[in-house]
Amino acid sequence: MVGYKFMGKAHTHAYRDLPFYFDTDAVPVLQAIAGRDETGVRGAADKWGFASYETDWRRLIERDDIDLIDIVTPNNTHAEIAIAAAKAGKHVLCEKPLAMSLEEARRMQHAVESAGVVHMLCHNYRFAPAVQFAKQLIDSGRLGRIYHMRAQYLQDWIMDPDFPLVWRLRKEVTGSGALGDIAAHILDLARFLVGEFHNVVSTMETFIRNRPLGEMTSGLQADVDVNGATGDVDVDDAAAFLAHFENGALGVFEATRFAAGNRNGNRFEINGEKGSIRWNLEDMNWLEVYLADDEAGLQGFRRINCTEEVHPYAANYWPAGHIIGYEHTFINLFKELMDGIAKGTNPQPNFSDGVKNQAVLEAVELSAATRQWVSVVQ
Amino acid sequence: MVGYKFMGKAHTHAYRDLPFYFDTDAVPVLQAIAGRDETGVRGAADKWGFASYETDWRRLIERDDIDLIDIVTPNNTHAEIAIAAAKAGKHVLCEKPLAMSLEEARRMQHAVESAGVVHMLCHNYRFAPAVQFAKQLIDSGRLGRIYHMRAQYLQDWIMDPDFPLVWRLRKEVTGSGALGDIAAHILDLARFLVGEFHNVVSTMETFIRNRPLGEMTSGLQADVDVNGATGDVDVDDAAAFLAHFENGALGVFEATRFAAGNRNGNRFEINGEKGSIRWNLEDMNWLEVYLADDEAGLQGFRRINCTEEVHPYAANYWPAGHIIGYEHTFINLFKELMDGIAKGTNPQPNFSDGVKNQAVLEAVELSAATRQWVSVVQ
Amino acid sequence: MVGYKFMGKAHTHAYRDLPFYFDTDAVPVLQAIAGRDETGVRGAADKWGFASYETDWRRLIERDDIDLIDIVTPNNTHAEIAIAAAKAGKHVLCEKPLAMSLEEARRMQHAVESAGVVHMLCHNYRFAPAVQFAKQLIDSGRLGRIYHMRAQYLQDWIMDPDFPLVWRLRKEVTGSGALGDIAAHILDLARFLVGEFHNVVSTMETFIRNRPLGEMTSGLQADVDVNGATGDVDVDDAAAFLAHFENGALGVFEATRFAAGNRNGNRFEINGEKGSIRWNLEDMNWLEVYLADDEAGLQGFRRINCTEEVHPYAANYWPAGHIIGYEHTFINLFKELMDGIAKGTNPQPNFSDGVKNQAVLEAVELSAATRQWVSVVQ
Amino acid sequence: MVGYKFMGKAHTHAYRDLPFYFDTDAVPVLQAIAGRDETGVRGAADKWGFASYETDWRRLIERDDIDLIDIVTPNNTHAEIAIAAAKAGKHVLCEKPLAMSLEEARRMQHAVESAGVVHMLCHNYRFAPAVQFAKQLIDSGRLGRIYHMRAQYLQDWIMDPDFPLVWRLRKEVTGSGALGDIAAHILDLARFLVGEFHNVVSTMETFIRNRPLGEMTSGLQADVDVNGATGDVDVDDAAAFLAHFENGALGVFEATRFAAGNRNGNRFEINGEKGSIRWNLEDMNWLEVYLADDEAGLQGFRRINCTEEVHPYAANYWPAGHIIGYEHTFINLFKELMDGIAKGTNPQPNFSDGVKNQAVLEAVELSAATRQWVSVVQ
């Protein structure tokens, strides 16, 4: 694994916990972790149970005892690492967004496909059982033709103007702000559930344009630079876009870090000819489902706790009504990754999805810049 | 109408508004209102549009132009007025609880039945469309055998120790506290939806035992006596009881005026062999319904907005999704009252229900006093 | 009153019910109702208690006993009636949207202002107590600078392809579809709560392009033409738009009649520097409020039942926790109208708001046609 | 660990996952697991990562490499194992309910206290961060004097009359039905949050009195005996009781396995002089809090996602808004157990709590049998 902050913690936990819940033919072994700061990476290795550590990720790629490279570093490093890993014949898991640009994403896709390695993109929210169940409902036609998807990813962790200019707010490192970080999740869910995007029109806003310097500590916390220096924010605090899907559905999307009171409000509603569904990450075990063919008088959204044996992945955890949490979305994704590695199949979402997602992100950025509708490159 | 405070307002409004929504063969005319305080009753007559007023309710009963006596006075006056009205051949509507004792209630029932007049008891919450719809579901067997009902009526309007000793807190006037005022509503709903009570065991609590003197002004507000005098509270602040129904269902009931944050939380859940329902007065347009024969994976409580044409009374109001409120429960009840008067039928809930409700109230009081299970007299 | 369908019913009820709840110096009298079909209008007059009827609205305007003209006819008739009424010195209340075009709206505004009559536009949802309370919170600075508003008006009453081509689906009569009918409400709420629009980019969709002929019966129901004839739908089934407000806030709006399970889902969330609010018409008594200065650990959206004495209009109805419904939004608006007439003031929303709303509607339509961002004309 | 079914899985997972999240001085090592069926226990050892297994729990107690005995067997075996373990100087963790009788519980308490070992009782729901936070609020006086607690534990997993007579339905093995299994949880929460019980009055019901023979497989699933034999159910399907607490609060409790649609509905509301709280296991990350001293107009239940750094245990998991699940309640409890072992302190809930809980359970059973109020032995 390359990187050891918030996502490093989430991934490491999932590797450790996976074998308890799932029997997979490939079983993860925490062989090595890499990071530039020796003190930091050694501490992470000790704390999380990695057998060894490296201060240069290239060393990981050279090692024969490593089969899978997991990239949880800032976005501007994904491409170099992933391509090198693929060339070395390593399977690759990469955090989202895949790349800094569509061109970079394509190079990454080409690298993994040429190398014939298994590759996945870590859009973990696809793997909430409720979301997987939503996918089953849509694919089986229970909602009929899809007319609408509206999705928001609402957070509030940088609303304080004194929150510092961490890497997630600097374009050269992160590419974009709310767009690549959280809008990326909802557009991936949109592609997963509704289909491919046709075109978009967008706006991107930066409400606080100057902040103290400083860096992330853990989770979504940060320390401010002690010298009082400040810098300009060059990424978006919020992004919103309208979209048409290839299948004619209409999409309305919004991602922001300025929605007070919404700590992690990733929510969507999809309306189809025969029914509708609603989901919210903060209540991630529940799916609300409306079926238009319910008898008159008894029509209403059902609040379904997706913890039953029939719900995806749920049988591997606890009896009905015993909920799971954020970390389980990673475990479920890693289950697919292990199966992919063991069976040589190519699970989703993978770098191909990363390219398609990047095409949407790039269209959104271009639309914000040109103030035009922009077609999404297929 | 006799009385002109909170309930007087609710009833008067319903008489005025009823003809707009419902075509009934009998149509209410606001002929006269009675109250002891001439200034007060004249003001009410003027404000609410009564054609005349009386300072002695006996005058109402003597008048030939009065067909229906509506009793919205404190509980200790119900019997005398209702019996006199019945003897004079007037139809009678009475606020709940019907009487101060089971014996009194029976005399009232005897009076109206002997006189052959139409009589109703104003348990308006039966007439929320969602509750009527719940009744239809249960009667049609959609929930199967009923195992459980749990109901709470939670309020908080007298939690302040400085709230005065108004008539609703004095036993000689009101009979009991939370029990007769609000537990009466949930046990009436229980009888309506589940069936007759077999036996009960209860406890009744008074948390604040001494209060300033004072009286209700409007709504549930009150003024404190200026002289600083205080008095003892001799009714219950809260009452709770377990119950067995005749049909074997188990009931758990609780009413309190000491549930901070619950302004008017009248809520119940009923569990049957084939499904469950939930309702809450503060969200009175919604009924939550669980049907056990829903297909696996799609089982969950449906939140149904009971404003569709198929829902009871709803077609007379607004299109689906346009909610109604508290006052409409009275309008719906009065619709039944007018139909009863026009057709000579005996709508429910009536004085017979009042007697049965009073039997439950009396059993609850007796149980609290004797600390025994008490059978409900049929 | 001119017109006697769904809105006619809502307005008539409010005129009748207003004096019960509010003491206004001007008191509505149901003097006359006009409609082209004599049978229909006579029936409405009888049923709703109008003293007389006319089959030509021009007769209403000629009559000396009429002070206020209330226009509840299809949108293509608003201008002619309103202008004639104003010229005759009548006060005017008009249903929304004000006009078929911005130019028409301006002529209407000019007419009423020149005539010096009182004029209001019937955006009744401003008058839910929870919405008025939201306005107070925002105006008092409790939310600080506003960053975001997202609002949806979701319905599903025309999703059946066999639902006929009623007047609300024909451009020559209605001007637009979901846009003018329901998006108009949410953009009016946006102007009320957040401020004036700067520019918009939009898309408008028609999912079902051909329908049987037929007409509205009552409420949102309709009968299909018996001959099986069909016609093309030339208005939008759904409209979505992004917006910048003059004050820098970002708006995301969506209105559709194709959101299965949403009978009347008019909902919004506003995020400010110091807090957020959420509201939903189907639960219209509740306002959810998040205050960022709540102490750590105790931060969360409060669900407030806006039925307390301190909430706007609420003291005139019932005690806390006793909810009101759809019809009360009209009563509250009419209270302001009567006060305006009595005092000669100009209550809001009025024709000036109608013009500004129309400017937004026109910008949205233009943007959908030109696929450009369009500035809203001030 | 002794036992390897549903609770065995939950405990094992917590031992494995604990070190990832918490740095404890004592760290669990999965040394050995015991069970009578060699195939079964060997499978569990392999699957869950125990270093060894035994087919007789007595062997565990003899082994020097075992410091802690964790008892997850049916209730009728708890006492013998725990007492033997304590005598051998092993620390003991025991599943709830502690014992089959108050007398047995006392012998167990005596054994662990005489031996000076660390002992805990596995009431894991105390360790939801929201519940711990509720405890902090109450202890700090934020709710003032407590007037009410109402709690329900509602399940529906045995409603099918064909569900077999598993060990959890046989008195000789389990002691009681819903009472010891799930009412035990809510009365433990009551003791934790409100205080000691004074007296109770109860009823216990068995709705389905005869069932096919059969046994639990995994989770809450079961297989029916193939021969079609049946047996009588001699435990309660539901139990309800009223209670007075030592501090004067009034309790209303209900536990049932016949509440259709409630998979795991463990929920409570506590009302105090200055505020109220509500919690529900199925939404276990949320705590609803009402504070009576909030300013007028802004009073309402706040829905708090207890995932902030300031919430108990939450900082060790994920950033705010990233929820945890059922299994984390065990991890948090085990964190306290490890600290207790490392520091020689006696964490709660322990066998002393087990005795007090058992006294309540026994009073409830006695009350149901005698139909009297029963004082809880202290």
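Order of writing sets the labels: A, B, C and D. Residues in every chain begin at 1.
Just so we're on the same page, a residue touches a chain if its C-beta (ideal position, glycine included) is under 8 Å from a C-beta of that chain, and two chains touch if they have at least 3 such contacts.
Just so we're on the same page, UniProt names per chain: A, B, C, D = Dehydrogenase.
Predicted model only: the values in this text are computed from it and were never measured.
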{"item": "Shared interface partners, meaning chains that touch subunit A and subunit B", "value": "C, D"}
{"item": "Which of C-D and A-D has more C-beta pairs touching across its chains", "value": "A-D"}
{"item": "Reference subunit C; chain at largest CA-centroid distance", "value": "D"}
{"item": "Mean-CA-position distance for subunit C and subunit A (Å)", "value": "40"}
{"item": "Computed distance of Cα centres, subunit D from subunit C, in Å", "value": "54"}
{"item": "Where subunit A and subunit D are represented by their mean Cα positions, the distance between them in whole Å", "value": "36"}
{"item": "Overlap residues in subunit D, where contacts from two or more other chains coincide", "value": "262, 299-301, 305, 308"}
{"item": "Contact graph of the chains (line, ring, star, complete, other)", "value": "complete"}
{"item": "For the subunit C and subunit D complex, residues of the former touching the latter", "value": "133, 289, 291, 294, 296-305, 308, 310-311"}
{"item": "In the complex, subunit A residues that touch subunit C", "value": "143, 147-148, 150, 152, 154, 156, 159, 201-203, 205, 207, 238, 240-242, 244, 248, 250, 252, 254, 256, 258-262, 269, 271-276, 290, 292, 299-301, 371-373"}
{"item": "Of all residues in subunit D, those that touch subunit A in their complex", "value": "6, 10, 12-13, 16-17, 20, 23, 47-49, 155, 157, 219-221, 262-265, 281-285, 305, 307-309, 317-328"}
